[in-house]
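Look at the two complexes coming up: subunit A is in both, with subunit B in one and subunit C in the other.
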Partner chain A sequence: MLRRPSFPHAMTQAIPASSATPALPRPPLIASDTAWGLFFLFPYIIVFVLFVAYPIGYAIWLATDLKAYARIFDDPIYWRTAWNTLIFLLVGVNLKMILALFLSGFFALPNLWIRILGAFFLLPWAVPHIPSIMSIRWMLNSEWGMVNTLIFDLFHIDGPNWLTNPAYGLSSIIAVHIWKYLPFWTMILVAGRMAIPRDLYDAAAVDGATAIQRFRHVTWPQLKALFLTSTMLTTIWSLGDFNSVYLLTGGGPADRTNTLATMGIRYAFRQADFEAGIVTMVSAVPILVPLVILLTRRLSKAGGRQQ
Partner chain B sequence: MTRRVLEQIGLVLLGIVIFFWTMAPLYNMLIMSITPVNAIFAGKFWPDNPTLGNYATVFRQENHYLTYFWRQLFNSAFIAAASLIVVLAVASLASFAVGRLKLRFAPFVNNLALATYLIPAAFLAIPFYQVLAFYGLLDSQWGLVFAVVTFTTPYAIWVLRNYADSIPFMLDEAAMVDGASRWQIFCLVYLPLIRPAMIAIGTFALLHAWNEYLYAFLILSHETRVTLTVTLGLFRSDDSAPWPLLMAVGVLYSIPPAALYFSVRKYMVTGLTSGGVKD
Partner chain C sequence: MQPALRAKGNRIYGIGQGSSTSSNDPFFNVHIYLNAYGAEVVAPDGKLRIAEPEIRKRVIQAIDSYVKPIKSQCSPPDAVNWGGADDNVSFVNKKNLVAMNPTLSIPMSQLANARDNYYQNMRTVPWPNGPDGKPTPTMISVKQILIFKQSKNIDNAKSFMKLFLTPENMGPMLKAMNGRFWPVMPALIEDAFYKDPADPHRSAAYRQFTQAQNKPFPQTYNRAYAKVMAEQLWGKMLGRITVDGWTTERAVDELIDRMTKVMS
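After this line comes the complex of A and B, so read on.
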């Protein structure tokens, strides 16, 4: 099974130069490490070239077709989609992260029942999108869903058309997105709070700080870097949240609740216009690329350690 | 004293709200799955005649939506297992190279992997589909395995490398003095030590593959090759479809990931927080 690699040169050089000549820099080691490095990286390089570099290169090539931009910019649905995406990001991401920040304080408490609740709280994240979002779709059905039944029982009025009115549709999408992803970000921020040294809080308690002062002067300064990184990460991934939209409203009614992710797929696979699909995704590049560059720097600098 | 009591009451109220918010969709799934198929248009909080008949129908594949239930369940499991193995192999090898060897291009590889990890998968779906067509991997389960591998491996490399940073280099050096090759160090020193992180990313890869929907329905089409997620998606455009059956399948399909999550929760939290984040 575990075949020895066939790098005779590297094999003979495997004895560390440092043990023979400790004072010198280690050129032979570096030479053999390069060969070994390529050997160990070989499978990933293949995956990267075949499934990342080539599709991206192909997409860039297709995205030079200026007529495709004209086609989507002439389509009023595209502008509606771009607007929806902006609302989805501004409201969805911010609401989710503020709730996560607030709830991370709750779930960081040591009470046993809160920790048990925490295990259940993460279920939406572990359970597959498909059945849970379909279940929510049924709950929001205006005639026979659980939500409107509850509204009718409590207030004796008919609840709104959650999925067939575009404004409610987008709000429902945001709610589903938060239901699905809030637990994960809360857990990340809980971990961040746990890493704050206890004695900072002890010192604040000695000074008689109130809860709000504790948050402003101890928690927030310690948590800020992680919070910003998380917000940027989730902005990118929310941009790519296909399931919450597609499975809940399918972009309807009349394509008025699409976001860029579902609209691109729709152009490409429903209308068989691959160029339009790709340039729809490309039109998110002004948001996407700066965030990716900023985050790559932040994360490689942090070395992945929790800040 | 009263302040403390009020505080506790506030916490409990908040806990109740969180509990209902979290569990309502899952509860709805559960009660719909035990509602008789014809009695569904009710919006009840508990069905009048609860039945396990829907599960029996699913198991016996007695509905035209579910002719290949067992086959498709097997497909989901096969794709998850294959993805798990490929991700663990590719990522552990690559993380050893960038984390343990002295390579001039290690930072470059790291940044490439990080940038890949940041791109939303949905944004690459269209060119990915076309490239798979070019490779002849459309409607092939390996096409879907490679899609999962593509989007999971960068994160896995990153988590493993960060986790391995805490392993002293002295171990590698001691092994080298004893005449171990890089390959032996990888097998005998590195792999055993990164086991907790491997469990975390292995779980992550399994969940990702099992739950994947977009790439599954784009890549796979023949009904004996699709995963169960694709079949569940078919109900989407059909309000007159037998939804209680869909929900029974949904409950069954949710049990393995939920069970896996509960059993390796300890590792997940360590893995995810030591390696940063991925939702």
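After this line comes the complex of A and C, so read on.
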């Protein structure tokens, strides 16, 4: 059991007896609760400094190299990559969240079989990235993948180049990203739907509201805050989604399906240009910072309302 | 050959010829094509020559020749995004009849466990002659040995390298690799091990190395060319043609611009 630290009250004995008024015990330099607070905070501060403040500070310092910006902006592949990232975020995130919104309605239904199905539905999110995405890569391989082999066996024609045509490649990346993360966001929204008071639906039913009206006037107003916060959060996370791109196409063919996350790694480690790698990620800051500010504002507002 | 085999139900391609940015093989192979067409992009004095009209013309001819099987769908579609070992995997899985590979890694992969494949079922041949009818020089990948200036034991390191780089010590190590790496010392290359006609692969490599005047990679002449390799500019240029559908002239001109910038 932890013992609270004791402070030297005995020091009052050292006060000369000739003193006119008895001295009060000197308050400790630091309140004991604060001392314990700092003591327990210390490991976190160490971890924060070593693994958050130092790497970010070092990255910011590297990102001050203006020549590195000139190098990446001069590379035609960078602009293609920035465009891919925008498409990936706009299509991938929005499609995923809209699907999650509607699927959450299905998975929130009180039915045992739907609960069991929900457990299977969660599997893509639960299994590790490498085996799951690599198996999709093998399935979609144009040369000997299961899909194109089946197409050749059935119709004697070559199937589409799923991963080696840039448009199909990026679409496949978006599809895999959605497949991988849709279950998680669906379950978050299912939890949100579960928290909506049943009375509201009962009242709407008494008023004769249709399913669309119930969604519009009951579900959406109750779920909107969670949906928007989740969308912002997943946009931030998706910006750094390295696995879906790297494991599926490797950024190819000819670097046409890279996003900023994979291109930064390519610059830093394949081309040994570390500064270019860092500034590639920093170039996403104009998207990232407004999102983080909006998110923290929303969360602090929500916190204020709860208080 | 490809259509005939496909008509029999084999999903097979004529030649496995990579054009990706995720492997160094296309970089190697493109330089062999450049050799065949006499396109010397960097002169031995280190000067970048690719923008010279005659060299540009030869580069375009070489690249046209390189992409011909890819554009005519005689190469597996995934070859535009092959990684380092994918050409080996594709050939060993009998997905293409011929593979253009800069080393003997494909037959070597069969030597230990499938000796029939190595001796009976596979053949290695030197590069075809160039359009001028002369043997095509292959590339010699010069490996550098670095000793750091501030190392504690520079003299010992130099002394070790001097000892290691003798035919007596280097030879057994290279032989143990079965020809995966090739000796450049005349005393070693003339060893019967490398020219044994009973070995269909090593003897072909021996003919390649001894019958044509081989060339080092351009970074040996100008170290800035290493950036061209790191940035995979040749692979990106091939991608412009095979993936984006650009003309060879346009893709080569973009390559020339970028190469000139990168090496300046």
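By our rule, the second predicted complex is superposed on the first by the 256 of 307 C-alpha atoms of A that agree within 3 Å, B and C clash if a C-alpha of one lies under 4 Å from a C-alpha of the other, contacts with A are read in each partner's own complex, and residues count from 1 in each chain.
One rule holds for everything that comes next: a contact is a pair of C-beta atoms (placed from the backbone, for glycine too) under 8 Å apart; a residue touches a chain by one contact, two chains touch by 3 or more.
Every value quoted in this text rests on a predicted model; they were computed, and no experiment measured them.
Trainee: For A:A203, select first, second, both or neither according to whether it touches subunit B, subunit C, the two together, or no partner.
Mentor: neither
Trainee: Which of the two partners, first being subunit B and second being subunit C, lies in contact with A:M187: first, second, both, or neither?
Mentor: In the superposition, A:M187 contacts subunit B only.
Trainee: In the overlay, work out which of subunit B or subunit C sits against more residues of subunit A.
Mentor: On the superposition, B touches more of the residues of subunit A.
Trainee: Now for A:W144: first (subunit B), second (subunit C), both, or neither, which partner does it touch?
Mentor: In the superposition, A:W144 touches subunit B and subunit C alike.
Trainee: After lining up the shared chain so the two structures overlap, which partner does A:L117 touch, if you call subunit B first and subunit C second: first, second, both or neither?
Mentor: first
Trainee: Contact-wise, after the overlay, does A:I136 reach subunit B, subunit C, both or neither (first, second, both, neither)?
Mentor: Once the two structures are laid over each other on A, A:I136 reaches subunit B alone.
Trainee: With both complexes overlaid on chain A, does A:L50 touch subunit B (first), subunit C (second), both or neither?
Mentor: So A:L50 only meets subunit B here.
Trainee: Figure out whether A:G250 sits in contact with subunit B (first) or subunit C (second), or with both, or with neither.
Mentor: both
Trainee: When the two structures are overlaid on chain A, which partner does A:Q271 contact: first (subunit B), second (subunit C), both, or neither?
Mentor: Touch partner of A:Q271: subunit C, not subunit B.
Trainee: Which subunit A residues are contacted by subunit C in one complex and by subunit B in the other?
Mentor: 141, 143-144, 149, 250
Trainee: State the interface residues of subunit A toward subunit B in the complex, per the touch definition above.
Mentor: Where subunit A meets subunit B, its residues are 2, 4-5, 10-11, 14-16, 18-19, 26, 29-30, 33-34, 36-37, 40-44, 47-48, 50-52, 54-56, 58-59, 62, 103, 106, 109, 111, 113-114, 117, 119-132, 134-136, 138-139, 141, 143-146, 148-149, 179, 181, 183-185, 187-188, 191, 229-230, 233-234, 236-237, 239-243, 246-247, 250, 261, 264-265, 268-269, 274, 277-278, 281, 284, 288, 291-292, 295-296, 299-300, 302-306.
Trainee: Which residues of subunit C touch subunit A once you look at their complex with the stated criterion?
Mentor: Checking each residue of subunit C against subunit A gives 9, 11, 13, 19-22, 73, 76-78, 80-81, 83, 90, 93, 95, 227, 230-232, 235-236, 238-240, 242-244, 254, 258, 261.
Trainee: Quick one: which bits of subunit A touch subunit C in the complex? Just the residue numbers, please.
Mentor: So the residues of subunit A touching subunit C come out as 74, 76-77, 141-144, 149, 152, 156, 158, 161, 163-166, 249-256, 270-272.
Trainee: Which of the residues in subunit B end up touching subunit A in this complex?
Mentor: 11, 14-15, 18-19, 21-26, 28-29, 32, 40-45, 89-91, 93-94, 96-98, 101-107, 109-116, 118-131, 135, 146-147, 149-150, 153, 157-159, 161-162, 165, 173, 176-177, 179-183, 186-187, 207, 210-211, 213-214, 218, 229, 232-233, 235-237, 243, 246-247, 249-251, 253-254, 257-258, 260-262, 265, 269, 272-277, 279
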